[in-house]
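What follows is a set of structures to go through.
You will see subunit A twice below: alongside subunit B first, and alongside subunit C after that.
After this line comes the complex of A and B, so read on.
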């Protein structure tokens, strides 16, 4: 690793750290900024139907200690960070006494396994289509562009519902919900893997389709911009082969698209979480929904923090990869 | 200005988007003036009535009858109860009950029904048949009772003294009513939803509310973005550093996470449509701030701005007269996108159950949320969710088309 790249890497690493701290602060402070005593509100919900006042008081005190709301704010924050770093998110309200960390552990893999490949595949297909549209123009462009614009404006949950109605409810090709057959227990048997793949298709493609639309539009305008650039005209004038020029052009058009991916990955994950909910996919989105339905504050807070950290990490990885291929950063390395 | 407008309206994309949007807007404004029903009134007792014209049965019986001798009336009546599927089902039962298959002719209605009547026994247990299927045959059998009758139906009233039924009127099979003479006819063009609300009326109201949410959120986001972008870009220095730091932080922290946290913390009781709009606005200004800033930085060093500075104009004067006009087109485009993404954000939040509280106004997201909680998509009740999805898609699609059209007018490089 050269010195220039190392500096770039270090820079991004520091930035990752700052944003992560900020995410912790926001996750901690936002619910506490709201008027009222959150612990009182929570215990009121938990204690509904509880007539025993000593019991209610005990519940209150248990949560007050758990969140440390009886201590100064700064101390609370460090307590919170320490607990989170130890993987201790407290107990879930709606699935008491199951620890939140346990619920997250079972859902986080589903989300990563679904969203990461879907976003990458969507990004690749979208960019290829966008580049083709810019290069071929005419018929292809005329058909692809309106479709892409329409799809990219379609909410992710809408795409999920439409795929579900067509392929699961009407054609019955795929199941309507879940991550695996409802009569199965997760294990490494052949049947289970087949069932998982079968349940995977619709959520996967609904996320891919949404990603394709937006990426194709971006890549198309980037490519058109590059195709009109002076260096293209100059290369043509020099008689360089068309296929070689196209390679230069798309490489250059690709770079902003990678940054674009880094910047839009948060929004994409948000849409994909809602798509998960539509299919009752056992990932973080569905867990979040359950948290909201069950007024499960520790669960919601943990899910939002995990999602933020995941997005920050994805962002960091993309930027690290970007540093490896961007010629400008490469040039800075060789200086 | 006039010239720019002319140019904008020459762009096909902009005009298409503008027309769709205007049409939606006109419907939202004029529909409630014509149909004055309460959009949240639960008129239907039961869930998901299919779209159609609902004619009051009581009024139809009391309306003056007209005799029309239509030759296919009886056949249609039979077909509505005994379609192809039902005929096949009858055959399936009969075969399972031991009737030889070649004796059953499903095309001959009279013979088939005769055979059915003779052989069907609701208590008979056919091996391998589920209880649900047995119930289905019991219901089918009940619906087939008297299907070939040519008699009319007698309407009877109980005598107040004796309680015995006394015939009031006989409705013949060839009797018709003229719909215009039936006082109570309700058109439910999109049926009813899970609460028994008229979906069309609700949808129009929801579209209006969602547009308002989008506009409030869009204006707030654009204003914050514009002010921060102008400050950072024009003032520069430490102010710019601080603004850029905050902007970069919020760019990587997903805004929907903030939305979820804030909406949940506000609590169900305090979440009105307006509150949600404000929250969405406060979490989505980042892109506008970033883009405005970079444009202002490139404008700041242009000659006309320097000239203005030399002439001793104040900073507000320079910003309003020398900078804003140059970024106005961009700000308008950003506003359009913010409105459309605000509407989508509300829908996403509502699906999570964090939308505006449900008692006062419908929004597109809430309608979606209700349809999904009651599993309209799995039950095949398309009218409860598809019109909502189409409306959301039309709004965002039209706004994006307008935006693309504007982009092509103001960015010559993108012109075809």
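After this line comes the complex of A and C, so read on.
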């Protein structure tokens, strides 16, 4: 590792840390600024049928102490920091007494399993199509580009709903909601896996389609730019084969698209969460929605924190890898 | 008379623009370069010098198209050959060029040695990496480039190093004819002289058999090339030995070019003495008659009406003007 690259790495690491701290603080504060009193809501639920107002008050006090909501905000914050560092996100308000960590454990896997492949597949297909559009031009370009522009400007929930209406409601090819059959218990049986794959399709393609549009547009313009670069002409006049030159061009156009991926991963995850909500997919997006509905601070904070950390980490890893594989970045760092 | 390395007869090529217009940037150009000799081509920006350089390679791709004329390299006629044969057998081996924008001529994400491997493999797929490395090392050493440069990416090299790397790459296959398109215009005077000296060295050592050197500064060619041709609006307007054209220019345009720049030797270069007023004509519809007429001090009514012959005055001297040699010399003496 060169000195320049080490500086680049350190710089990115420091920024990762700073953003993570800010995200952490915001994740704590924002849900607590929501109107309404969740403890009152829980008390009401638990004390259902209780007519005695002193008893109600006692139950309320009990829960407020338990959740720590009656302490000063700053104290709550430090408690929260200590607990989170120990992997303890507290108990859920809405699904009390289930621990938040327990709820998250299952939904994280669903989210990663859905989003990671979808974003990668969308990125790969989008870049391939964009490169082809730049190289083939003519008919292919004329059809692909308007479609890409249309799709990439489509709101994520719109795409999810359209797919749902066409393929789930009308054609009934795929289920409308869930991550697996509602009558099943997760296990490793063949039936269950088939059901998971079946439920996977619509949320997956609604994310992929949106990603394809944006990536194709970016890749097309990068490729056109590279195809007209001076080195292309020089290489040709030295007798280098067209197939070799096409390889140069697409590699050079593809590399900046990796930063494009880093930049858009936040938006993509946002869109992916929407897809989870529309299809009631048992991932973090759906959990977040439930948390918001139930004014479940600990759950909301934990979900947003996890999402933020995931996005920041993905970004960080992409940038680190990018710096390693693109000599232009490497050189810029060592200047 | 030595062996003729490059012979071009009435070569005409054109650009076809996006809007379907024809731009005849090389218009019936003929020239000859003998073994061991160099030819300078001078003219203002936009006169078609770079287009001529590319047209001489015999390999055309959009937007540049071949119209008519022939190119003969060392007795072999290359016009009319199959483009893939030209790519494999002619480009880089028989004729090579150094592009005007040497700074951007190298693929930024390809190590120099890998680029050279691609160049050589395009002509000789069986060459081993070891052979290529040895050849590259030796050629680079001749140009004063250390072996380490081979393992670098272009972005890691300074401007002067890149320039020399491009020169070394262009002559890696010992082409018979080397065309240098303003290889030094981006450099300061000292570096310009170094580049010129390097090119002459290459020819003296036999790595190149004949050379064409293109520049927009006519005076720079004195002491550099054996012969000079002056190009204006796609046509050759004057040719002769370097001494003749620099000290006794006949065409009013050549005269203007000599007056336009102070000879580098005199030191002061920031003042343009008597720049020629106006700009070269648009080649989409060049003027009938003399193309220089609109800017010429000595213009006559008939200059704009009839096309002017390239008048051969013997010993390889020729020019395109209605006036006789005596008339022109007298006119220049009177200022």
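The definition used in the following text is that the second predicted complex is superposed on the first by the 265 of 335 C-alpha atoms of A that agree within 3 Å, B and C clash if a C-alpha of one lies under 4 Å from a C-alpha of the other, contacts with A are read in each partner's own complex, and residues count from 1 in each chain.
Criterion: contacts are C-beta pairs under 8 Å (C-beta built on N, C-alpha and C of every residue); 3 or more make two chains touch, one makes a residue touch a chain.
Since the model is a prediction, treat every value here as computed from it, not as a measurement.
> More subunit A residues touched by subunit B or by subunit C?
B
> Which partner chains sit in contact with A:79 here, subunit B, subunit C, both or neither? Use first/second/both/neither.
neither
> Thinking of the overlay built on chain A, is A:153 touched by subunit B (first), by subunit C (second), by both, or by neither?
first
> A:231 in the overlay: touching subunit B, subunit C, both, or neither? Say first, second, both or neither.
Touch status of A:231: second partner only.
> On the A-aligned overlay, A:240 touches which partner chain: subunit B = first, subunit C = second, or both, or neither?
Second partner only.
> Just subunit B (first), just subunit C (second), both, or neither: which does A:27 touch?
First partner only.
> Where on subunit C does subunit A make contact in their complex?
Per the touch definition, subunit C meets subunit A at residues 54, 57, 59, 61, 87-88, 90-93, 96-97, 99, 101, 104-110, 115, 118-119, 122-123, 153, 155-156, 166, 169-170.
> Going by the contact rule set out above, which residues of subunit A touch subunit B in the complex?
15, 18-19, 22-23, 26-27, 30-31, 33-34, 36, 38, 41, 149-150, 152-158, 161-162, 164-165, 169, 176, 221, 224-225, 228, 263, 266-267, 269-271, 273-274, 277-278, 288-289, 292-293, 297, 300-301, 304, 307-308, 311-312, 315
> Mind pulling up the subunit A residues that touch subunit C in the complex?
So the residues of subunit A in touch with subunit C come to 229-231, 233-241, 244, 248, 251-252, 255, 326-328, 330-332.
> Can you list the subunit B residues touching subunit A in their complex?
The contact residues of subunit B facing subunit A are 248-249, 251-258, 260-262, 264-267, 340, 344, 347-348, 351-354, 368, 372, 377-378, 380, 382, 385, 389, 392-393, 396-397, 399-401, 404, 413-414.
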